[in-house]
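After this come two complexes, each holding chain A, first together with chain B and then together with chain C.
Let's turn to the complex of A and B:
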């Protein structure tokens, strides 16, 4: 029988150790996602159709934005292209987060099927396994058109592109993606305690996306406050848009908020991670 | 079982498995144990078995050559070849169980944890798996922890038996000690030449009569009882039955006072 030790000894170098701690989950995610991409690629026609279906739904939303702004001319002081920029920021952030983290919303069904127990006995973070489960390239059907819309909008808005602005944009977009991912994980954690919390979670994930696709100024003050201070949706598209356009907040909220994106992102991710740990500690499994 | 593998955090008390606290060091522990749940698979439902196993290799960080060697060996021992390329959801229960065992052993863990591995399996699959477990236990020295309701598993496989009744330890020891714990008498089955009324001899009680066949519970040395029976009756055949482990365990659950020193 083969008896080679499989253990990889941690080296004494703390830097190498830290790099390993960061890289391992990424490698594991990549491995798991890749096997699903391969599995889906065995049915290319189905994959293509599903991607197209997703793309069509995004385009329908874009159409809605154009029609709304087309009729109103400007909405809350936003032109069509500025509105499309808000839409593009929100849709791309949610799209990317959905692609990489969206599968966490199936936590409840994994718990019921017992497959979550299987994830827990593997030497890989269960969050990574959950997020990478059934990773499908069809979600690119959502991300690509959103980025195209964003690109078109950015090319047509009346903004002076200083190097500072150009650099800020990707930082803000990354923060948006992280905030969306954190919302996804945090809401999925509900399913540790409530079996069918997926729909409730979706009201925040998909509902949040729908909300942040329009300039928040069109909503009531109370809604804008709650998506700024309670669930930080405002930092996904609204505050970055104000920052790019260098426009005063129509609702008179502090201007410092528009620079807060990265900080909020880190806080949101930390909060989500703590919730996840808490949920895992109180996980009851099913059966015996 | 779920606390031993780190799935559940104990509400009180502590657990140590291969020197680790399962709920705190779950990921680290996972590399040192292999786990198989009889009722559900740890494989990926929609992937062919081969892909599931190669994914397992990456997740456990087993070098490719070592993996290939182990896989070849396990494929041969468990006869996986015919269904390696079949998606897991299309496998029969017995095939799936063999696939699960392979996945649990590819990283050569010193401890294999099996939760009802033979549940719902046919007789042939059961015996294949039992033979396989005995073999890896003997040849690799893999410790095997098994929970089962199938007492055939226990009789065939186990050196040490722990009986748990309503969450409390009812017995912990070897199989012979378990038998000795509960006074379940041996039974002498007597086939008489012709039907007769219940045999009455010293040192045995006739518990059942069915035509010429009679069952006698022994309270005395079997040889003496046999000589007494043959002295008074014309006997066609005799069989001595050891109490089976099932009787012992059910007696234990019914609360037959076990020998104090063993508990």
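Let's turn to the complex of A and C:
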């Protein structure tokens, strides 16, 4: 079913070898995640109910956005559907990143329990093992409604859909997912040094999601600057929204920023990878 | 009674050991409070008054909610009881010469007292530093608010106890938590003040037990006449009513459950 990596390595072609090195973690992740999917599928009713419960929480947040825009009319010049587009972009990016990388936030408890040491001795990247741990398809309960909201919002906003825009949107969404994943890994690395830091990391992961679910301009210039230049949350929902709506930045930030998403995503992932390596090198087992 | 005091003190001590987690928790509550507050400030900048709330009232409620989040444990964690029912360890608890409900209540109140002092107070203080909050000038209202917070914590405990004790019938209460974890904060007025909900919906939600955890204490703090009965005492009466009703239900259900529980030996 899954191609074995040893076959890839057997050929002498260096290009194939490089492709194998890149694909290997993906294949490993796929295999580990599939084990968990099969495990969760043993209890289909439970899986379905858990997914529905997650969906309810997303719908509650959508309800909050609708209520806020319903009272305000427009926020930062955004109408309710434009606001829902911002929400949909943020919630889907964080949802997908959470599905694939969210498990890294349990690093601290793996270190305390000693199960991280077990991951280190296996011949698979510890980051892959950590991220695929307890991979649950129920998180689709978060992603699907977010994408539905995004779809409804995109259908109702007043935008001329040029081919450029249609192509740029998925690129920006992918960049958003990568940035969210990088934030997840980077904040998890904190737990290499400070045990019990999980809740503080949540203020960046879930807090970042809560922040980017609304048009960022409402938070004022200082905060928008810091989530543009320090923690790149602005490239998840805010800059892509400005790009799709073709609207001047209400805070007068450079227009080039709205095309910077993919570059920022690569930088963020590189940064997160370096942080992970740094953390891993300074990791000391608890000995238990 | 002496046993309960000892259990209470041990609960307090147990949670006071996680110092780094406490600091991290206050930080997170403050960040979420600030985000929610800024969203509501933007909303009230567009409409200065909604259903009797102004911007300051709304921001105050946000920080009351964030401050109470830890002592209420409204989004979890579940009581240890859930896991003890699942594993059967509850058999040991039932052997004790103290009723299960009282024991668990004393233990959880110890935790809540620690959280009120070291999570709620600092979170609220950070909110007061960052934003303008509506702080009552009358010392009596501060005392009544404290009473309201205490009642909120008891209601919160009773609900969590009920979520756990249904485990005697369901075996696993993770499903209950999966639904109530996200639904609780919405019903309580933590996600958004219930004041912003459509009036008919808000009027119903206000009388449900979840509102007694955040919405009613916030309105007691703000001294709003939208409280049931038109004032602070109506609000406190509603909270006390729910606390008594839910604890009675909990005691009755525990009695029913204990009669059917079978603990395997060996």
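Assume the second predicted complex is superposed on the first by the 276 of 288 C-alpha atoms of A that agree within 3 Å, B and C clash if a C-alpha of one lies under 4 Å from a C-alpha of the other, contacts with A are read in each partner's own complex, and residues count from 1 in each chain.
The rule is short, and it goes like this: a residue touches a chain if its C-beta (ideal position, glycine included) is under 8 Å from a C-beta of that chain, and two chains touch if they have at least 3 such contacts.
Remember, predicted model here, so these are calculated numbers, not experimental data.
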item	value
Partner chain(s) touched by A:248 [first = chain B, second = chain C, both, neither]	neither
Chain B versus chain C as contact partner of A:151, first or second or both or neither	neither
Partner chain in contact with A:68 - chain B first, chain C second, else both or neither	second
First, second, both or neither for A:32, with chain B first and chain C second	first
Partner chain in contact with A:60 - chain B first, chain C second, else both or neither	second
Which of chain B and chain C A:203 touches, first, second, both or neither	second
Which superposed partner A:125 touches (first chain B, second chain C, both, neither)	first
Intersection of the chain A residues that touch chain B with those that touch chain C	none
Chain A residues within the chain C interface of the complex	46, 49-50, 53-54, 56-57, 60-61, 63-64, 67-68, 71-76, 194-200, 202-203, 207, 210-211, 214, 218-220, 223
Sites on chain B touched by chain A in the complex	2, 5-9, 23, 26-28, 30-31, 33, 35, 37, 39-42, 44-47, 51, 55-56, 58-63, 66, 69-70, 73, 107-108, 136, 139-140
Touch list for chain A against partner chain B, complex	1-4, 6-8, 28, 31-32, 35, 38-39, 113-115, 117-118, 120-125, 281-285, 287-288
Residue ranges of chain C touching chain A (in the complex, touch as defined)	18, 20-21, 24-25, 27-28, 31-32, 35-36, 38-43, 46-47, 50, 175, 178-179, 181-183, 186, 191-192, 196-197
